[in-house]
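One chain, chain A, links the two complexes that follow: it is found with chain B in the first and with chain C in the second.
After this line comes the complex of A and B, so read on.
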């Protein structure tokens, strides 16, 4: 005991002050990274409020000299964009739901059961992430075409779910690993079935991870361009191809309108992140350290 | 009777699902390449990027509606963004999902024609009254696979106000006069780029007409001549302009338009739509009145000015509704009232002699000047005959950029470009 106390003395010492030079370097790093992260967003917002003829001023002005709301007014009148928004919400929400549903069961099975081929299966799931997704487009196109799903929401949702599953499964497996198996055993002793143990004990404990996995799947589906453009009919396309379709033309790009639309459509995602961020952070880190 | 346990039942279900999936993916008995559907059907598709472009969609939709009402047919329209259009159309044609009429950029014709699914429109072309240069844009290996919808060219545009301020009298006709004009403009200062030429790799294919100006054919038979003395001289001249800051680094078509619209460039290369595009970006509402098309300067007096042919064609996919689609393509591209009205709305020049002579078109000075000075001698890019033409252009552009930034000599760079391009000739 004495030895323990004497060893703890250096730890109890007041923490050394960080050198001003290293602090300055840390702040410089934050400033540089912050600039690269925030400058495009600043430019997006500024351009969204800049009149068309001022948007192409050379050299460009960092601070807007004139402000207009015309681009937002035009956006409000564009019914087609509202359709793209609805498609995005439908596809992203269903993808998030399906991804969480399937990956939760898969992850639980990988984490809490021991059976032949378990590790191989786990690595197979992860290996599917190694293929560039664009390469799978042609194959998926043929599969959906042959199955009659091409052009439907189903084609998009199935392909997005397929892509998000590996990461979701591994993320949730890490979280289920942290749930003590003794809890499951106690539940079994109390007469709970496996089904009940999963739904009433394991899943509630993994809730932050489920939210994180759902958000990941939602954002993946929300941001995709090439699959959303290729696998659906024009009237079922989501916002990314919809915005390109609407504002990027053969001869010119309506940059201020595009920026205004991008600004508005990013608001729901920002709101979702702000609302769920504590789950997201908790979920992403929960499986990182095993207790 | 033997009963299945749960594991065996799962295994059986899995195998069944796999079998069903494989069966679904298998090609059908008709074969992927055979035309499908009833050619005489009265319903067909029309795929066009213009159907979703703000400046053109109303005009294109009006043509679709007018033909549907007149012909008693149903036209299902579809659209993809221009930058993704070729990929999407290729994928859908390969997958048998594309039928009817399809708008194409003339540079894409070879890529789609190579798939062997396009209908020969020779009969429609023969009675359409198209100009020779327009018809050539829709021809592939001797077959008329596309009807020309609009035919123009990529040429030089000048800001006459800047030239006047710089003391440049008249439009430069030779390369030497052009260089003199650029040097005079450079003396104006004020951040003006004398010639907003393409210097980004993505747009450096614009140098090809200059290589031709210096005497390189680019392609002789199937032999790439990039790397010959003429093309090397063209690139060295371009590099000289670059070093003298008469052309600016990191410029593509969009940058050049922005510079020109702001009155910060005296010359740049663009298609005939330049007037509308630049006007929309410019704070100077009188800029269009100061814009003048000019024939690309020649190496020596008497040479033919070089320009790149540019335009759109309508092709028809063999199969479902192809007869009506071919008639629609003919109507959209050669009915004089239709093409004149289309020109009035979007300023894209028609392709028939009668269309060009219509007062609505002939009365437009900018268009007639452009046609006379630039389109008249425009020729297609010889590499368009290859499905991999874009990679060939990129191979050349990347090497020209290496010269501009001083990483390579023109001779070495173009020799390397030709070597890279050789296997892409297919």
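After this line comes the complex of A and C, so read on.
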């Protein structure tokens, strides 16, 4: 429909001619979008290393004239922030393990068995990421309150695990789909039970996928704001709401300190994504990491 | 002992933990919220009274409409802008630029949402912000109803365009090169090739990416809440912020969940589209 070869046009000419021009246009687009995308990151880093008296001047100087590590030092000495950090680590790590466990079982069931209700359940899992969390929270608050979990790590871990299921299940299902069923049939003939086949054959083969799913769950828990803001006591709060309470409540926000904290909070997530890059596309098309 | 289970029973057994979580954390709260919409109920006092459609009538008589308008403005802005930027970037990166560029552009999307908000709060700061510094102005970007909405959209756009880029680049990379070569041999210029070759090929993935981003923005909370808290004067109050504030600041669960019911209704329409597309 779109293109039929026509002999009247010299074949070699057209492609050769368009290359340099289209590449120049491509670089121009990258430069413009690059400024929008990366200048704020640059500003975050610059501010984090700028002494207070220089940060609070107008107009700000766009290139750093003085560098200080004071903001990071102050961060390291802040016990309250350290508490938030511990909470973030505990909640995110436990969520990662629990998510992998729950979603691996579920994904295996979706991938390797055929039964009634399978299709509808798969849709339900996929759709569950689309329910509005602000609304769920209104009644989830009461559920956790009644069960005594309100304010605990448990409330956060159970919530986060649930919201990572769509992505993790989809990702792991894709990986189990590539494990040949003949391997499992062979195991069954050798007398292995279905549990053994799952744990000793399928899971080890899916190990890289399990790591990726775990990292995604970690990032999801690490980045969450609204649940951590609402369902926890102040001493169980994770870094995102913790930073809001620490810095934004004051009359004059200590911006360089906050940028330094932002820098530190972003590091684990950036590290995780560097590892996850190659899983990104497949996982993304199936769902989302960020709610 | 396991041998006595059928395959179907074994599969259901594997799904028990996941389904239990789904029921407890999503299904039950959702149903319970929709029921609460018909009651007058407070977060801080026990007991409730059935009021029928009174909460819905209250909302439709006033508060619902500005919130709907804000949500639509935010959602359209914060979906179209990243879509256009992400598409342009994906096309550029697909034109033979080095692959590491893709990774560089992911930064805004990867960093935590609150960090994004902190950063742009600082950029938009009226007294010392770098945006005012560059423009030589002292505008209170987040203090004026019009600029506040634009600021919130810009912030969310910044955080979302990399995701669009990744999705659309994935689509572009599955496009056979021969199609473009054949078209250019036929004398089609760059714009014509984009319209007649790229756009039809990308229709499916671009549709899903746009719709998903639209749905997420329709329920987006973090950026708006940290940047403006829904203000000034309610100018950026979207469904997520309004439901949250009504419940956790106004303690009015009845109106919060009724507003949530209306919100869900609109979302269901979007979700139906999404599931249909995802199946296709």
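Just so it is clear, the second predicted complex is superposed on the first by the 237 of 291 C-alpha atoms of A that agree within 3 Å, B and C clash if a C-alpha of one lies under 4 Å from a C-alpha of the other, contacts with A are read in each partner's own complex, and residues count from 1 in each chain.
Definition applied: a contact is a pair of C-beta atoms (placed from the backbone, for glycine too) under 8 Å apart; a residue touches a chain by one contact, two chains touch by 3 or more.
These numbers were taken from a predicted model, which means no experiment stands behind them.
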item	value
Partner chain in contact with A:248 - chain B first, chain C second, else both or neither	both
Touched partner set for A:146, first chain B, second chain C, both or neither	first
Partner chain in contact with A:234 - chain B first, chain C second, else both or neither	first
Contacts of A:82 with chain B and chain C, given as first, second, both or neither	neither
Which of chain B and chain C A:54 touches, first, second, both or neither	first
Partner chain(s) touched by A:108 [first = chain B, second = chain C, both, neither]	second
First, second, both or neither for A:27, with chain B first and chain C second	second
Larger contact residue set on chain A - chain B or chain C	C
Chain B versus chain C as contact partner of A:275, first or second or both or neither	neither
Interface residues of chain A shared between complexes with chain B and chain C	55-59, 138, 141-143, 226, 230, 241, 244, 248, 253
Complex contacts: residues of chain C adjacent to chain A	2-3, 5, 7-8, 10-12, 14-15, 17-19, 21-22, 24-26, 28-30, 32-33, 36, 43, 85, 88-89, 91-93, 95-97, 101, 103-115, 118-123, 125, 127-130, 132-134, 136, 158, 161-163, 166-167, 170, 179, 181-188, 190, 196-197, 200, 205, 208, 212, 215-216, 219, 221-222, 225-226, 239-241, 243-244, 247-248, 253, 256-257, 260, 263-264, 267, 270-271, 274-275, 278
Touch list for chain A against partner chain C, complex	2-6, 9, 11, 14-15, 18, 22-23, 25-27, 29-30, 33-34, 36-38, 40-41, 43-44, 47, 55-60, 62, 101-103, 105-106, 108-109, 112-116, 118, 121, 123-128, 130-143, 158-159, 161-163, 165, 169, 193-195, 198, 222-223, 225-226, 230, 240-241, 243-244, 247-248, 253, 255, 258-259, 262, 265-266, 269-270, 273-274, 277, 280-281, 284-285, 288, 290-291
Sites on chain A touched by chain B in the complex	52-59, 138, 141-143, 145-147, 150, 226, 229-230, 233-234, 241, 244-246, 248-254
Chain A partner contacts - residues on chain B that touch it in the complex	21, 24-26, 49-50, 52-55, 78-84, 88, 91, 95-97, 191, 254, 257-259, 261-262, 264, 271, 273, 276-277, 280-283
